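See structure below.
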Amino acid sequence: MTSPLVDIRGLEKRFDLSGSFLEQITFKGGRFQRKQEAVHAINGVDLQVQKGEALCVVGESGCGKSTVARTVMGLLSPSAGEVHYGGQRIDNLKGGDVLPYRRKMQMIFQNPYASLNPRMTIQQTLEEPIHFHRPELARSEVREKVQEVMQSVGIDPEWGSRFGHEFSGGQRQRIAIARALAVDPEFIVADEPISALDVSIQAQVLNLLMEAQETRNLTYLFITHDLAVVEHFGTRVAVMYLGRVCELAETKTLFAEPRHPYTQALLSAIPRLEDDRPNYIRLQGEVPTPVNLPSGCVFHGRCPYANERCRQEIPRLIVTDGGSQVACHAVEEGRL
Amino acid sequence: MTTATLSRWNRFRESFLWYSFKRDKVAIVSSIVLLLMVFAAVFAPLFAPTDPYDLAQIDIMNSELPPVGMSGADAAFPLGTDAQGRDMLSTILYGTRVSLLIGFGAVVLQAALGILFGLLAGYLGGRVDSILMRIADVQLSFSTLMVAIIVGAVFKASFGNLMFGEIAIYMLIFIIGVAEWPQIARTVRASVLAEKKKEYVDAAKVMGFRTNRIMFRHILPNTLSPIFVIATVQIANAIISEAALSFLGLGMPETQPSLGSLIKSGFDYIQSGSWWITLIPGLVLVVLVLVINLLGDWLRDVMNPRLYKG
Amino acid sequence: MKSDTPLLEVKNLDVRFAVRGGDLTALRGISFSLDKGERLGLVGESGAGKSVAAFSILNLIARPGYIAGGQILFEGEDLAAMSERELRKIRGNRIAMIFQDPMMTLNPVLSIGTQMVEAIKAHRRIGTKAAREIAVGKLRKVQIPSPEKRLDQYPHELSGGMRQRVIIAIALLLDPEIIVADEPTTALDVTIQAEIMALLLDLCEQENVALMLITHDLGVVSQVTQRMLVMYSGRIIEQGPTREIINDAQHPYTQGLINALPQMGEPGARLFQIPGSMPSLKNVPSGCPFHPRCDFATDQCRQTMPEYVRSGNVDVACYEVSNLIEQEKRMQEAGS
């Protein structure tokens, strides 16, 4: 196996909730106590993105999938762990050292209504990154480049002098994609890029992303909550729950034979057109808060197969005979 | 999808701003009055019958003449004259010019300081934010007048009356500008905090743009609407502050009258029946401040993001 | 049991919005009916007018919107012509509404119990104690654990799924005949969505309540509803039994909507896509509003809005479909 393009190792991210030192002090039971609280958004995630693939990260809100995306892109710095790109560690780079990676790695955001600067025309939005990263290009070359990306995402280059708010949601997302493509990246993190769009527009944008992948040889880290999209789009899928990866498999394998009890429940909950009633695996309880993580397997409180070992020992990802990697004691022990 | 490019003017004509302006009578009247006053004040030398700065044109024998329409009035002085025999119309025109200059100047200074500190505090957050905002709190807990009285008194004592007269206008701009910047800094900080959560800022970071570029090129233009609203109101406030200071004798000297010092100069003669020296500049001041505030109110309503989604 | 007059009948409803530069037509000639205990899905993308339709049923259109024509007959009485006082007796009492965002219904500074008791007392002369008992009963019905305790909690103390359950309990408080649910699960995760939908379906069946479900999710519609309407640009373009439409949609737009779903496509292949996007209300195309995006558009489509034709049990407004039906008729006549 070739070395991965992006290698995420033991990634952890905590968000401090307790504020400054003074705010942490509480007076309880006759004595002062220092109380520190944090949201444990990611708790030890290892993922490798291979060149040319679309690795999808799925999970429900609060599972840490967006935090993974933002940490990989350097918008957040990890609390622990490393992010490597093409063999080079990038999460600790400073100042100008990051710039080459900014060109190679780009991001597409969820909300097309917020991701375009309302005070800039489309032309300005698209020209700025090119000017910035390739100052050697002449004006006319930059303009040509902008025309080329606009055409490739299906936006008429004539509309360059318009502002973002003059476009529909789908068109704005196309422009946001064009901005990412303008600097010729190799790797794109797409954070829920279609979930704010209408059904018929989702298909257009998904097709556009697949087309760009083929023509530009892109690698995707695709964050979504929509499993139906994953089934269609992903090469491999990582299912996350409470900041951990619970199952990682080839898309076909995962959908044909989900192993982790959480993956099974998640898959059963997709509303399918052929269903006449909602039929799904019902989980007990609710997702615990990431402030106080459960001991052992984070899923044990809701899992129908949980036993004493699950409550105490954190399961590790193990390779099953089907080829998928599952973090579950029940699967490991053959109970499931 | 008619024409791809709209000129700036057409864009403005189709904008919500212009639309609501056309429908708001108060805004139209206020802006006409304000424009007339600004125009008359800026071109005061063209309109004023006499030049109040030119001592040669002043005749002490013409002092305290009442406005036209009253017994003893002189047609050459439509609004009467003051105690030194200066034509009131001319003095008011020149005085409005000084008041407006101080108002605009102070707000430009406020905006420069406020925008810079507000952007830094809001965008960088953390310790920078705490320090800048504490300074702002301290600054706000002194009243503008108190600061001005102290600074003015120090200036006056150290430069002497003559010299003071020459630098008074800059001193007033400086005092009012420095005393009021926290108002703008707070507004800017609040909108920066809202803007920096938006994804276009993340997109700019992902592009690798430097902090300065993100702050000034990406975030600042999106915080301009609230700055615009508050700056309008602050002009009115600055003009009032100037008038108050001049009235207390800490502002413009009588030889370079502003509206405030005109009111003050007439105040001593009210008892002797020469009410116009105080009342007419006072009315001008009230009208000026009122129309600016009315325009500010209208702007705030129009630019309210809950009503208008840009 | 099916009576002759439906519970709710909307006839030729027109809703307009008065804005600068003239009126915008948000709904044009909407007609449909809802029987007792029937579950009706209202499907469309954003801007299709489905939420406006839902709000107008309760005559809740806020200015600048207004009902410009047509009738909304609830048990034979026209809601469109009713006074605000009479309407208040029906809203929340006989027709209840569930919104997408629970916080639109719940007041964050009042406890759940207070809000529920208030809602009951607004319509019934009843003591606080009795009202609380009803509230507890309804909370139990929506499977909220320890309902007595929940009454004293505030909305922010509940999770998203719990909140939506409370909203359903509030909707059920006065035993309404119709529940109008506007995207009740859009803000929720898939597993919770499945639970809430199953709950809503069970409750409607048990209590024989009619449900009008507004959603963009065809999967949910097929799981929950018996009949469905498809809306486009303020018009109903297709209506009929859900299963029949899902399996064999007649209108090109409905077909496109279904085929654009990732679950319909071959994994990895391009999705079917409808070109363009829904027109804004400001410039609705002449004739059939879908014609600029339609592969079958003819001059006839560009000029006049098609009438409804019946195909099987489905009513469709499309010239292509009506032409096909006529052709078939002619062939049959020729054959016999």
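The first chain written gets the first letter, and so on, giving A, B and C; residue counts start at 1 in each chain.
One rule holds for everything that comes next: a contact is a pair of C-beta atoms (placed from the backbone, for glycine too) under 8 Å apart; a residue touches a chain by one contact, two chains touch by 3 or more.
Being a predicted model, the structure only gives us computed values, none of them experimental.
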Minimal path length between chain B and chain C through chains that touch? 2
Identify the chain pair joined by the greatest number of C-beta pairs in contact. A-C
Suppose every chain is reduced to the average of its Cα atoms; which one is closest to the average of all protein Cα atoms? A
CA centroid of chain B to CA centroid of chain C, Å: 54
Once you find the CA centre of chain A and the CA centre of chain B, what distance in Å lies between them? 50
Taking each chain's centre as the mean of its CA atoms, chain A sits from chain C at a distance in Å of 33
What residues in chain A touch two or more of the other chains? none
Chain C contact footprint on chain A (complex, rising order): 60-61, 168-171, 198-204, 206-207, 210-211, 225-229, 231-233, 251-252, 265-266, 268-278, 280, 282-283, 286-287
Quick one: which bits of chain C touch chain A in the complex? Just the residue numbers, please. 45-46, 159, 161-162, 189-195, 197-198, 201, 216-220, 222-224, 243, 246, 256-258, 260-265, 267-268, 270-275, 277-278, 280
What residues of chain A sit close enough to touch chain B in their complex? 70, 73-75, 98-99, 102-103, 105-107, 109-111, 114-120, 128-129, 132-133, 156, 158-159, 161-162, 165, 176, 179, 183
Using the touch definition from the top, list the residues of chain B that touch chain A in their complex. 4-6, 198-200, 202-209, 218, 221-222, 309-310
